[in-house]
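To keep things simple, chains are lettered A, B, C and D as they appear, and every chain counts its residues starting from 1.
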């Protein structure tokens, strides 16, 4: 396969990197530019609340390089209407027209509301937003997101911040099989091996935040995720040999000394 | 951590790469040099039988760059005595003093004989070999391999050639915790995510053969494994944040629109 | 806990058995009464299509003992409206007022449409049906089912007929934690150990069909599931000791012979 | 299959129950007779140290019904010689000729020493003991135990007392496939679903101690294990339908309302 052919295209934009990162939970915002560099992420998500252009205090945008794509998220929204308002506000504040929809009213597991998310997606896609909805993996909801005009679908691997990995593996695999949009695994990815696994089963990208932000060394962890995402994608393209129940010798077994 | 400090040292030699590869099962030997390049592997294992210096036919050694460390293996040996004879033959043929002990008399699962492996390790270590024994993961056998003079311990993740991944995860984790030698996971690793996982739990290196040799594109798959091994090691050094049962918001949740 | 207190109550009816079974896929309908006996199931689901009171051919109802609760399902329905029509038809045909809602328009994985399922649930609950909706495990959809008047929630463990077990374990665990209705795991359960696991994490019941119907000996397999469901429930009530990372001796370790 | 044909025979004795239990870790020994009753276990293991016929204090044997088979274990033995001494002492003290060999010198994970275990097995089998060796699952060591005269082989699922379940599933499966003796999974089984799984893959029996002894209600938990072991065995005999990647309808899907 020609290298050029493996670009991920979302909203008409070619992305070099299949690792998206978030900006929450870092012990110190100053580390964010270094994480963006080490992780080679080009799409960076942030809660709009942290974007305060009039504040005298530091603004999260100060830490994001100009060549990155901003992916403001609607965290804090409890229904479609609030998500729509936050999205419009983001655009008005100059954050561009990409938006990650998060509609959450469950405070314990932070699980998204698929129904409200579909509604918000429909409204915002019509307004010209590039909509990336965070969702609970469910085939029929994903089909509705396609109809609603989503640019990609972002199913969760496990609840936000748990670092539990691909607990919803089987449902995500079905989305990848059936949905004709990029599937970006968001939430739950706690280790590079989880990210590699998502890519190996055919995810288009992954979004990682907590696992990098709460690592002992976030900059190095950002690089680790970058490498594992590449590895997983490359392996997916290379195609795997079969899994077997019995052993297969790599080396000749018998008769060597008797020759 | 200083980059220099994370070198893997075996038999007094500093290794740049924590991915070891095998040379069996490739559809075409000509691809091997390219796989060695793409995978950046520096330690290459081959069955001694394939090393025939007098043969007019092609020799596996012709495909291995001079700056690699040869790790001839004793595959075909059914007991310690045969393994010892093969090792000595390898040295006499100019393959150096590294030897991977494989003693196998089970033809269905190709599982190693720990007891005979310990015996062969003891004899060969005394003769000055750098001995890397392939073993069934078992703490007490690993302790015996340490006493016998092994340079590293190579537990299997799953039977050879099955691509099933770290089926013996729990036993390997215990070896890593208790054994004061590099633990190199050998056999069973079928995907880059498996290799990353081995490194994340603290393995010193992995050996991969079937997964690369039987991939659709072995050269690209070699590179994928190289990246995932680096990713897993880097993450291990960076230290992971905790796994949690409940969600933790990356982004602020409430009151945003009410401010 | 007093034995009486552990009854499962649905729609005001006390159920002795936490194993529900289905009647599809049996090689021979004549085996069904024996399976009902061996499994001690009291709630039996059947596709309404198989219930044809006017048919000269055999009718599935002929095989279900009178003391069982019939749980006709709406399989074949592609939207809420069709499900509602089938439910009313079932009642009119004398199948009682219990109904399992299945709304499926995905022919490959047979995954349910949560949104249409919620709509049908709301309509039928208002009409006095005891509604048990089959659903893709999703917390917010489950909350909507509660509001819509469902009598229980039936999340899938894996796609129908796959025998893959609790692939959605983490999402089901959250439903059990957060939803104040019986959670009945439906679909995907392939082995008694899967059923036991569902009960151990707190499911109220399980529905099993394919695993029994396609077993070598369906009658014996029915009994096996019956035992494992009881075992899992009993263990859940007994409360588990903790899982540990290091060993804990059951027997005294040292000094025995030196006393 | 005729019910009679499924008896487990060890040392020439037909056993009605495939659940063996241990007597360590109970908060109160008085509960042991009730656990034996509820679990229907017929083979009961105890550390010889607890068997003190001359003691004025209570003796573990006082709590074991006469119709049970005593399986004294050699816990505390650090090598073959100590295990042999304890076994002979057990016989001399009237505990019969069954012996469970435990040779452990690792205090953190309590993992057995396969090599010393084989040695002890050989000596004791020749003396007429019915030897049940506890071992780290390893095919070649299991073959040696067969040659040494073991009556069964007892591989661990996970370290003693961890309740982690069948972490060594793949290796145990291979023992079941290749070894012509009853395979009894010992250690690590923490839940009835784990026990059922062991039986489903073909184990002949399981030994459970910690999971019962540390449960909130040990008597009820004993019964739960009894049921799950029966369930798993029954399912194994009934034979499973296949696992599938795509859904298979249990109920007819289309055209129902259009008929």
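Heads up, the rule we're going with is that a contact is a pair of C-beta atoms (placed from the backbone, for glycine too) under 8 Å apart; a residue touches a chain by one contact, two chains touch by 3 or more.
Fair warning: this is a prediction, and the values are worked out from it, not measured in the lab.
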Remark   = subunit A and subunit B share contacts with none
Task = Could you tell me which chains make contact with subunit A and subunit C both?
result = none
Ask   = Among the chains, which is located farthest from subunit B on the basis of C-alpha centroids?
value = C
Ask   = Rounded to the nearest whole Å, what is the centre-to-centre distance of subunit B and subunit C, using the mean of the C-alpha atoms as each centre?
value = 46
Key: Distance from the mean Cα position of subunit D to that of subunit B, given in whole angstrom   = 34
Ask   = Which residues belonging to subunit B are in contact with no fewer than two other chains?
value = 108-109, 111, 159, 164
Task = Please give all chain pairs that are in touch with each other.
result = A-B, A-C, B-D, C-D
Task = Would you pull the subunit A residues touching subunit B in the complex into a rising list?
result = 22, 24-25, 46-50, 73, 75-77, 82, 85-86, 102, 104, 107-111, 159-164, 190-194, 196-197, 200, 209-211, 213-218, 220-221, 223-228, 230-232, 234-235, 237-257
Query = What residues of subunit B sit close enough to touch subunit D in their complex?
reply = 105-106, 108-109, 111-115, 136, 138-141, 144, 158-159, 164, 167-171, 174, 177-178
